[in-house]
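Chain lettering (A, B, C and D) follows the sequence in which the chains are written, and residue indices restart at 1 in each chain.
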Amino acid sequence: MDGNEKALHNREAFQLERLILFTDAVFAIAITLLVIELKVPRLEHRTEHEATNALLRLIPEFIGFLISFFIIAIYWTADHRIFRFVRHLDGKLIWLNIVFLLSIVLMPFTTAYQSEYGMLATPWVLYSVNIIATGLLQARIQTYLRHPDNGIVAAHERHHPDLDLVRPLMTPLVLAVSILLAFFVNPWVLRGLPGIVFPLLGIYIGRRRQRLERIYNEQMAAEHA
Amino acid sequence: MDGNEKALHNREAFQLERLILFTDAVFAIAITLLVIELKVPRLEHRTEHEATNALLRLIPEFIGFLISFFIIAIYWTADHRIFRFVRHLDGKLIWLNIVFLLSIVLMPFTTAYQSEYGMLATPWVLYSVNIIATGLLQARIQTYLRHPDNGIVAAHERHHPDLDLVRPLMTPLVLAVSILLAFFVNPWVLRGLPGIVFPLLGIYIGRRRQRLERIYNEQMAAEHA
Amino acid sequence: MDGNEKALHNREAFQLERLILFTDAVFAIAITLLVIELKVPRLEHRTEHEATNALLRLIPEFIGFLISFFIIAIYWTADHRIFRFVRHLDGKLIWLNIVFLLSIVLMPFTTAYQSEYGMLATPWVLYSVNIIATGLLQARIQTYLRHPDNGIVAAHERHHPDLDLVRPLMTPLVLAVSILLAFFVNPWVLRGLPGIVFPLLGIYIGRRRQRLERIYNEQMAAEHA
Amino acid sequence: MDGNEKALHNREAFQLERLILFTDAVFAIAITLLVIELKVPRLEHRTEHEATNALLRLIPEFIGFLISFFIIAIYWTADHRIFRFVRHLDGKLIWLNIVFLLSIVLMPFTTAYQSEYGMLATPWVLYSVNIIATGLLQARIQTYLRHPDNGIVAAHERHHPDLDLVRPLMTPLVLAVSILLAFFVNPWVLRGLPGIVFPLLGIYIGRRRQRLERIYNEQMAAEHA
């Protein structure tokens, strides 16, 4: 590797870093903008009683804020996990990433709509569609990373457990089920469900990951032997 | 290269990175702020019917949001593509970049105006002028990068296909035509046009780029022979 | 260290940098969003007299803005100080950091509520709870960093004065006391208190740090002897 | 330099980069938030005539937006120029920088107030005080960088023309004069003045810089002879 090749290598590395840091900035802004939709309540009478009641009436908005905060955070950690395998950048990956960001950017809007009209099914459907789209786009990015023809990921890392496709498909699955439920069950139950289902899925994903990791490490060991 | 020269080199590299990351932050904020203009609809009657209708009435705003999202994204990818050739930074390039950012920062405002009054020609003209200005400023940056006297780009990269001037002039051309059309055609047709024209231009630009790349590679090969 | 190990090392370093820069972006947005709650006053009569009076009426909001600006800044400097010891990143640290960011992101909301209804105790309690949570979460991150089993921090740096737990617990302590006072003392006195208590604590923390640093340096010297 | 020293050096370099990138993020958000104050006009009759008139009525706000955009940009380029000399970071420099950011963060607010009530002197005075404070704080940072006791800047760079104190004091001087004028001259003249005075000052600063650079280079040459 001579000086010129090294400079070119650094340049390509910086191009990748730039895409990643742009992505992170969009995530950071979207996750922080969620708070803008938590409007300061207007009190007609400036009493402690009303100040407390106004806060209690905000609880549905607050739950909506929390769910979206953690969903955006989950997708950020996913992006953080999978992009560390990227070794080359091409135009298609850049654009897949931009469309993925489109669905992240929409989240403050769909969150605000479903938080404000929590008793209706329509806003919840829109919200769920948004999250399903985000999950499918992340899965699409992963299949693109893993495909041998694209040369994005080193051959031996293509089957790394962190590129497992089951994981990004879990959240869309839960939200797809929630769309069906939205027309039948009480909205409060609906908003409580993620609090129960996601931890359970977390346990399943954790076990699955351990198993995949064991298999992966055995394969790696076998190849190097 | 002794230690001191290396430190100076790293310092200049960081100065360039700082300009680029500042640019990316402005892009990231502008593209995310677009969603703030998608206002959560106020429902008078909390019915599924009205919740759906309110969403359908938002479609013009949503199309406006989408067009601006992709136009800002196109300019970001352009900036990402051309700044990888920059080897030195001077005051003039910093200021050209800042004026370019000015027209990016204005986009959430001009987008919101034309989305809200989609039936009028005036807001569309303002919007188009904004995008035309962005495109011309990007073309100006490219001519500055390419000019041999400025010493910004290495000699052999000055004619790289990614610095081709036709590309940044395409979007302004389309929008200039749309200004003329704004006074004659139906606003919905006008907003549909980018969806047809940009993919066609994408094909043309793709072919042109392949041709330029072939020529460029032949020249490179000839010089090294 | 061969080329592959070096690449892996750089990759892990970049993963850490990415978490840190994402954190910084969230801090930067939260601290800047505070200004959005400083609403431009509406003047009924456009006179100099009313323009000045409107500003004077904004003073409580402005004090609220200032307190939050400096509290967010204090937590940023703390994060800046403690993360320089991090050598490895694991999933738990990422999520501790995300929950920490949750309480930072909420600050523009709780600040706006207590600034707008400065005469009431309830909004101040909410605001104080937010800051107390931030402080406790930072302390939690520090205990996680320091714990030998986690392998996050090098052994000899675990007792560095910058990882001292007293410091992050000071702000929560002051705010906890302020919650009790909120029901008894005049709200203006309450808002003036941080201006007196924090500088005093600053002096105490400064002295404590000098003492800890002396002890730390002696230990380091003894071990190397 | 052994491996450990190199790691420590990299760590300190990253601590400095983190401060700088945090600063840039705040600048990027403040400069982009300016556009939020450009409110989309409400049209009573959806006619081209009214759409154009509404834009013309926005001209004062737009001029206010432009002045602030370029003033924030000027301070960013100044920060970009002077921080390249920083070799070590200490707590005081971090806090000077945070107070400097406070005055940047306030600019969207003071800009909006003076744009909305352009006919009054009071909002202009507030706005000018904000910019004067920014300029003085930048000058304060420069004196801190230059002071030999602080060890922030290498000895031979302390008198570099880019650390010249006259430059950051120019903008405060112009705005201080404008405060006096605000009570006597027409507000439109007042807003037009920066458009005339700043280019003239730009020429003066440019010449002064050339002279300082010549002197600096002669000194450098003399020392190395």
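Everything that follows uses one rule, which is that contacts are C-beta pairs under 8 Å (C-beta built on N, C-alpha and C of every residue); 3 or more make two chains touch, one makes a residue touch a chain.
Every value quoted in this text rests on a predicted model; they were computed, and no experiment measured them.
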{"item": "Shortest chain-hopping distance from chain B out to chain C", "value": "2"}
{"item": "Residue-number overlap at the chain A/chain C interface, same or different (half cut)", "value": "different"}
{"item": "Cα superposition angle of chain C on its copy chain D, in degrees to the nearest 5", "value": "90"}
{"item": "Farthest chain (mean CA position) relative to chain B", "value": "C"}
{"item": "Chain centre separation (chain A, chain B; CA means) in Å", "value": "26"}
{"item": "Sequence positions of chain D contacting 2 or more other chains", "value": "21, 25, 29, 33, 36"}
{"item": "Graph class of chain-chain contacts, one of line, ring, star, complete, other", "value": "ring"}
{"item": "Interchain pairs in contact, sorted by label", "value": "A-B, A-C, B-D, C-D"}
{"item": "Chain D - residues contacting chain C, complex", "value": "11, 14-15, 18-19, 21-22, 25-26, 29-30, 33, 36-37, 91, 94-95, 98, 101-102, 105-106, 108-109, 112-113, 116-117, 119-123, 126"}
{"item": "Chain B contact footprint on chain D (complex, rising order)", "value": "17, 20-21, 24-25, 27-29, 31-36, 38, 40-41, 43, 46-48, 51-52, 55, 69, 73, 76-77, 80, 84"}
